[in-house]
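Questions regarding the structure given below will be posed in turn.
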Amino acid sequence: MGAVSIKDRFIYGLFYLSGLIIVGILVSIIGYVIARGVLVLNLEFILESPRHAGSAGGIFPTIISTLYLTLLALVIAVPIGVGAAVYLEEYALSSSKFAWLVNLTAETLAGIPSIIFGLFGFVFLVIFLGMGWSILSGGITLAIMILPTITRTAQEAILTLPPEYRENSLALGASKWQTIRKVILPFALPGIVTGVILSIGRAVGETAALILTAGSSLGMPQSLFDPARTMSVHLYMLAMEGISLERAFGTAFVVVVLILIINYLANLSLRRLSR
Amino acid sequence: MEKVYKMQSRNLQVFYQNFQALQGINMDIEENKVTALIGPSGCGKSTFLRSLNRLNELIEGTTTKGQVYLDRQAVYTNEVNVVELRKSVGMVFQKPSVFPMSIYENVAYGPRIHGITKKNRLDDIVEKSLKSANLWKEVSNRLNSPAARLSGGQQQRLVIARVLAVDPEVILMDEPASALDPISTARLEELIAELKSNYSIVIVTHNMQQAARISDYTGFFLNGDLVEFNNTADIFVNPRDKRTEDYITGRFG
Amino acid sequence: SQKEGSKSGDDGQGTAKLEGTLTIAGSTSVQPFSEVLAEKFQEKNPGVKVNVQGGGSSQGVEATISGAADIGAVSRDLSDEEKNRAKLTVTPIAIDGVAIVVNPANQVSGLKTEDVKNIYLGNIKNWKEIGGIDAPITVVSREDGSGTRDAFTNIVMNKEDIVKSAIIQNSTGAVKTTVAGDKNAIGYVSMSKVGKDIKALDIDGNQAIEANVKSGTYKLQRPFIYITKDNPQGLAKAFIDFVLSPEGQNIIVEEGAFKIK
Amino acid sequence: MELITKPGLSNCEKKNRSLIVAENRHRRVDVEKLIEKTLLLSAAVFVLIIALITIFIFAKGLPLFSKIGLGDFLFSNQWNPTKGFFGIGTMFIGTLLVTMGAMLWSVPIGLSSAIFMAEIAPPRIGKTLGQLVNLLAGIPSVVYGFVGLIVIVPFIRESFGGNGMSLLAGAIILGIMILPTIINISRDSLLAVPNDYKSSSLALGATHFQTIRYVIVPAARSGIITSVVLGMGRAIGETMAVVMVTGNSAMIPTSILAPIRTMTSNIVLEMGYASGDHQTALFATGMVLFLLIVGLNLIINRLAKAGTDDGRG
Amino acid sequence: MEKVYKMQSRNLQVFYQNFQALQGINMDIEENKVTALIGPSGCGKSTFLRSLNRLNELIEGTTTKGQVYLDRQAVYTNEVNVVELRKSVGMVFQKPSVFPMSIYENVAYGPRIHGITKKNRLDDIVEKSLKSANLWKEVSNRLNSPAARLSGGQQQRLVIARVLAVDPEVILMDEPASALDPISTARLEELIAELKSNYSIVIVTHNMQQAARISDYTGFFLNGDLVEFNNTADIFVNPRDKRTEDYITGRFG
């Protein structure tokens, strides 16, 4: 009986190394954003409206717009996405053509560039359906974008549950839906939350598709039908039109903090929901 | 008194993909009696039990032919409400699998989904079921701890309590005593004797003595066939089939 | 779009009471100008809400034709195809100079148009050929369809092709950052966005300043235009009038572009 | 279901429970049916969306082929919209190269750090790391683009030569952007592997690493594949950042230090200002991309299905 | 001849969070003998087994005190190579859990990780192990189908085969016969008798007859204590402790 072999140590070393690389990437990117952004950061920056096309004032309306749009996208995409996942894993036969088709479309949807979603949203929602540049158009477009992530992760989470849970519940006289509600969804929740959180990230970080659908107007939105500029779009404009890189990074900093807060709340509320 | 048959199977055949696990089983399960199923491993006992409440359907690639009746109503028809069926025909699985919830929630699960929400009422049911399953004493002070932390035998008794809490009419038990110590086994046997007056019980067991002790009828399965089905006394004293005799006397194979 | 966009006064200027929503969409380079103009316009007319959208010149045309926007903002001349699609009224609102820019560390401070052209044709590859250090030139250009590029190819390149190996960035900011980060890069951006991390070159001895643009000695320039379906009416007319008014034109100058003649 | 003999029985005292879907049971069953239908609709939404997008892209893109042959469009390396040359051959290659480049490093590192978080690091640290990784997912692409432009491009220029805007820069940035998807989805499915497998393997004298390699990872295989597929989808579809660091020259790259243009970049770069044939050509690019993704998914589906039969589910 | 102790536990205590499951167990496990552990459900038998090859460590919140020796080498020290330990001390769990792979791969798993790669050699080992576990006949024609599709008893035998394939020195078996029919049980008992000449075996069983039949030593556990440990003959004929007597005669509780 000797100690752990050198080979094993080496392999462990590799795992630790990759963990370290991730931490390194994380720290340097977030650190960079914070370092560049912290200079413009103050209470006024967060709580006031932008002036002079964003080169002065704050970013408050963009924070609110981001929240509205993300929330709307989640409200649309989470029920549909999780519902589709439940249907595919619990109702459809794995051999069914329909299931095959939906799975294929979900994966295809996942690979479509956001600019295409944007163009689609622009022509179909903004122009054809006459919704105009609005939170509604943007929210629906974002919802379509994040659907595949939500569905695939939920499917995966359901798939990995031990089949015994299902059998036991059904044998106790629970209906299929009761089994899903009480056993499958609660136990698949961590996976579902992962999907939702990745999606929030995607929604908050999106620009191209939103400029075309939610618009990039700087006002404070009053209703679902008003145009809105999210923080990402704002920082995109600031940076890309050469208005102010520093303010762009300041906005990015706030995005990171917002993501932290939203993730925390999403975790919390979804866990509540499962009870 | 005439016999009342609670459940019946007619020419019941089950296929897993191409493999035929049941060869056409005809069996009458009398009400308020205990029916024991014996036979070597892999002969189809679990398959038979699982097809009585249509649980086999959950395994993809399974086909069932023939018919099963509960109170003379055909079970394999499109009109049957499978949920009602499974509520009436409870099942204790061969491998006890507790839900990853607390002990209390495991037992309360069934009653809850059947609409009982009052805390008092649930408490009563949980206590009564755990007592019947002879587990109350060991867990009464830790009802809220995760069920997964129980020992093997405790988990098996928890699964029994969970079924009792639903109060079915027929109880199917797949080797419920496999992980139980003699005391718990004895208790379970007493419990079965008690339950008999209100329920119809089908039990799979590998323990011949146990089958002889507790059952009224015994069926001997072999390679997917029901070789012999008769009064327990007859089966054990006077088996008609040579293979049955060999099996119960341990001279088999 | 132009909801209840009626005006209750009898002339479009200042004091009249205007109400409703006006939507402008299109070029992202015009967007910051439109935004500042809209800010002022709304201050003067509290009942008016102006939404300024980006999306690009093409989206602006699309949105104006479909009616999703009242005014389209375009940073290049309309293509023939666009002109044919619908009857569009074109109103130039400003002139934007285009500066040829290099890294501040670059010792070259002026070039001839011919040299710039040869650089972008790929004929001149090293700074030493035109009085700089011995280093390969990183050619940075804008994407096909960009208004800035349109002006550049028309005026400097004589419509000849830009070398294929040129780095393409699709925004003023990205070109700026690229040039600011690469000592050997050359690019071109809107004069209004030059700033201190990049250096504008004199072209044919003319400095990239307003006076030279105005006088026409600095030729590299392009218009910012507003388009409307038919002749502008109601709110759209009021806004365009405001933009063309001395007050509006002054704002444009403050933001770095030049008055329309 | 064939009926051989009806059970001939008398006096059956029935409980007041009916197995059959009777009037009084109607509602409950209806609810179940309703739910199933609703869920079916949710799944059908996917097909609907894809159908709409397909119709839309194809309607806008197909007209191009009345002017330019499909072969020219796909295989020509000439992209010069102002002169009427529309060939996306270089971009096709660019897309493949940059996606492969990104996957090449981020899949191994992503998977091994997922394993690190799920199996090797103490649970608390693993969990915290997972949440931090989610932050990476939320950083807007533009920020990645600018970080790439300000940090990574100069770094490449200084260390390896060239002007830095390159395939390599694109692969690095894209790889970082798909890490969260790969890491967190795989980590979840690794964590969902039943503990029994682990203890059984260890009890057979397997090392922790062998257990991971031969039991845990295979058991989590489907989740890992999902993470890679979603990650790849994101890589192909991500643009904003790629556009800023790859230089976008429409040329076939001669080395990893050469600039490239991807199909998505092509669309993002020019769509805002394109009109007429130019716009149609960009939609046609989207169409090809779309078909490419469908094809890729079909292949992956096939590969993933081969040998997944472990008898579960 | 002097007794050779293969394994020994000294004042072994195991805590699950605050709950003490083992109260300080001293036991000597003789080489080439069968030691049976009996006792009511929840008394700590599985806990004891699992602490012999340090598997309890995998459960979060578990603390172990005291010492275990394998061939007189202390097991609970930092220098011990746990992998080697577990390779030498094999274990059959109470709940059989097959890997989600084919039957063949399940059995070949152990040999493979211990470096055997030759196909012939693996085939031999798989066949031999499955034969010893009395499963070969049933599965020889479907070695490549998923193990999860086996019946309960078949899975239990598969798990036994999996351990035999590793060829350990000590085999710990936690109710290995719980899901087995009498024939397979008889075979398993024969197998244990055979294995005895080369291995040391510890077996948890709820079947008193079985314990009496197959074991040389028997330990009786109660509430985490080893109440009595002795020659099997002595325990069953002449129990020293009143509680042991009560338990084995079924008068307990």
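Per-chain residue numbering starts at 1, and chain names A, B, C, D and E are given in the order in which the chains are listed.
Basically, contacts are C-beta pairs under 8 Å (C-beta built on N, C-alpha and C of every residue); 3 or more make two chains touch, one makes a residue touch a chain.
The structure displayed is predicted, hence computed values, not measured ones.
Contacts with subunit C and subunit D are shared by A.
Between A-D and A-C, more contacting C-beta pairs join the chains of A-D. Note: centroid distance subunit B to subunit E, computed from Cα atoms, is 28 Å. If you average the Cα atoms of subunit A and of subunit C, the two centres end up 34 Å apart. Between subunit D and subunit E, the centres computed from C-alpha atoms are 46 Å apart. In whole angstrom, the spacing between the mean C-alpha positions of subunit C and subunit E is 81. The residues of subunit A that reach two or more other chains are 94, 162-163, 175-176, 239-240, 245, listed in rising order. For subunit C, the set of residues touching two or more other chains reads 28, 55, 59, 174, 177. Subunit E has residues 84, 95, 149 in contact with two or more other chains.
Residues of subunit D touching subunit A in their complex: 28, 31-32, 35-36, 38-47, 49-50, 52-53, 56-57, 108-109, 112-113, 115-117, 120-121, 129, 131-144, 146-147, 151, 176, 179-181, 183-185, 188-189, 191-194, 207, 209, 220, 222-223, 226, 229-230, 232-234, 236-240, 264, 267-268, 271, 283, 286, 289-290, 293-294, 296-298, 300-301, 312-313. Subunit B makes touch with subunit A in their complex at residues 53, 55, 58, 60, 83-84, 86-88, 90-91, 93, 95, 97, 99-100, 109-110, 112-114, 159, 162-163, 166, 168.
By the touch rule above, subunit C contacts subunit D in their complex via residues 27-28, 55-59, 61, 76, 79, 81-82, 138, 143-147, 153, 159, 161, 164-170, 174, 177-178, 181-182, 184-185.
Those residues of subunit C that touch subunit A in the shared complex are 1, 23, 25, 28-29, 31-33, 35-36, 39, 49, 51-55, 59, 62-63, 66, 68, 171-174, 176-177, 189-190, 193, 195. Those residues of subunit D that touch subunit E in the shared complex are 123, 194-207, 210, 214-215, 218-219, 309-312.
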